[in-house]
Amino acid sequence: MTAKVLLAIWMAIIIAAAFLYTEAASGFPGETSRILFFHVPQAWVATLAFLLSMIASAVYLAKRRVTADDLALSAAELGFLFCVLATVTGSIFAKATWGSFWNWDPRETSIVILLMIYGAYFALRSAVPDPEKKRVFAGVYAILAFITVPFLVFVVPRITASLHPEDTMNPANPGMDPKTLKVFLGSLFAYTALFVWMLRLRMRILRLEEMREEERRRQI
Amino acid sequence: MKSGRWITQTESSTYLNEAMAIWLRDLRSEFRTRYAINAILMFAVTTLVAVSFSIGAFRIGEAEKPFLYAVLLWIILVFSALSGLSRSFVKEEEAGTMDVLRLSARPQAVFLGKLFFNLTLLGALELIIVPSFILFMEYEIEFPGFFAAMTISAGLGLGAGTTIVAAMIAQASARGALFSALSFPLLFPLMITAIKGCERAAAGMDSAGWPEVRIAVAYVIIMIIMSLFLFPLIWEE
Amino acid sequence: MSACSLKVSELCKYYSSTLLFKDISFELGPGEILGITGWNGSGKSTLLRIIAGLVRPSAGQVEMFYEDEPIPKESRRKFLGMVAPALALYEELTALENMEFFCRVRGVSYDRKNCLHIMERVGLTEHAHKMFRNYSSGMKQRLKLVQALLHEPPLLLLDEPGCNLDSKGIRIVEEITSAQRRFGMTVIASNEKREVDYADRVINLSE
């Protein structure tokens, strides 16, 4: 209970600090750099969620413990959510900074592919009615998707760098002054904590649904 | 008294033998029905004609051609492939032969056999469409060796990346759309590598060591190994 | 007599929340025939599929032993042959081509004479070169029996073996079942009384 409240307060502090405490970074038009306090942690959580989902899938395939699949699913759902957020905030930033919503630079491309992977994952899960099979298939797909990621990371920059000669700037690490750094790290922590909190909540819901299933079976 | 022949005899049989049996059987069935190859070629030819016609008299600058044509070629190849590569598994499921296959063959042999079959289809597709494309679109290629290697290795990649997905969707609902939705994210790195490689080959850009071909080959190897490892999990319930 | 045995312990199967059957246990040894009866939808086919390894049980175990050594699940298929309404053979192949395929894919050497001999037992010799697609339903059923016998399995799983068969066909099934009795085990799932009549024991899933 208290953890929830503390998290909410922390998040509020971060949001306030992002606008009031820090100064807008130079080299970016106007106040646009502030979005990075939100955009980067969102992207970070989206990728973390993907990694978590893949590991949980591997554990499920090895041990067949349903909690592992619950974790994989919950992480995927939240990862998708944060992925959408990251895409939207990134797009807003792109519009403000470079004048267009979408540029297909390496990062934007990767985030779209990640969105497609999540979408495919959910589509697969809903297309398989048998619960055990659904979990196995989803787990296999998560792993397959994950192993194509190194190719994506390695290959895409080679390609798009030449597609768009004006090298799009990587906004992840502009030189940060101490105040900005503090708020940035604070935001990173806040988003991760938010993710973990939502993850546990979602897993609890899944677990309750399973318990209800088992109860129904026992009554037969 | 007879003893179970299967129990005593299998030592001499290899995955490869069994995979070949499956491959040849699929080929034989396909030869008699021509189901998958028709679907794939229909799609490819239609798209090729549409592309060729739409571009038509429009003069594309020589500088843009290598890249643009590479993109068009691979869009045609990838989407044609997606229209037909799930056939071999879907047909087994629909005909009800999947179970007797499960009872007869080792999972890895099934995967390899189906992979070989898909690669055969892809080989036929590329053999027909790539030269046609080059001809109709007047695609000038500076490094034909590199171009051929790129097309072949990426073709292998198309098969390697989609066979296990085909096995999954055959056991699910909404197969057609699902197959494309699942395959595309997996194929994306391969596709852009292929486009880049073909562009380089066509434009005559510096391509010492054929880097894109090596990436495609790495993709093929990794996907096949992972699929061999994961396939038994989705094949046997 | 093949030294193969089957042990099923507390098998239980649910589909979502619907219970199909539970606490099914039995042991089967060489020379024995087990009958499984029950209403349509009671899970007879599913039970056979679980024994075959095609479906996972919700609870319980299936174990097979060969010469007292447990058989790993992946190898179980070598020891059994199955006939079921849901099982189909390849339509665009002839009967012999089908059999040749199954021999090769099972890693069993293809002996044309032996195949034809089995086909003779079920009365399909004249139709050996016809496409499976052109078989009548009775002929298809008989060819399915051939497929199950190709590799001389110690365990025969017969799910409604008399389905689509005329009286001659049913006699063929009886002959096969008694031949199997001399060699190994049989499990027959059926609602036809005469089919489970020659079983040593019967399990009724509807109880």
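Each chain carries a letter (A, B and C) given by its place in the written order, and its residues are counted from 1.
Assume contacts are C-beta pairs under 8 Å (C-beta built on N, C-alpha and C of every residue); 3 or more make two chains touch, one makes a residue touch a chain.
Since the structure is predicted, the reported quantities are computational estimates derived from the model, not experimental observations.
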Contact-pair count is greater, between A-B and A-C, for A-B
Relative to chain B, the most remote chain by C-alpha centroid is chain C
Chain B and chain C have mean C-alpha positions lying a whole-number Å distance apart equal to 36
Chain A and chain C have mean C-alpha positions lying a whole-number Å distance apart equal to 50
Averaging C-alpha coordinates per chain, one finds the centres of chain A and chain B separated by a number of Å equal to 31
Residue ranges of chain C touching at least 2 other chains are 56
Chain B residues touching 2+ other chains are 237
Shared-interface residues of chain A (touching two or more other chains) are 132
Chain B partner, complex, touching residues on chain C are 1-2, 4, 49, 52-56, 66, 74, 77-80, 82, 84, 86-93, 97, 101-102, 104-109, 147, 150-154, 182-184
In their shared complex, chain A is touched by residues of chain B numbered 161, 164-165, 168-169, 171-174, 178, 181-182, 184-186, 188-190, 192-193, 195-196, 215, 218-219, 222-223, 226-227, 230, 233-234, 237
Given the complex, residues on chain A that touch chain B span 61, 113, 116-117, 119-120, 123-124, 127-130, 132-133, 136-137, 139-141, 143-145, 147-148, 151-152, 154-156, 158-159
Within their complex, chain A touches chain C through residues 131-132, 213, 216-217, 220
Contacts from chain C onto chain A in the complex sit at residues 14, 16-19, 56
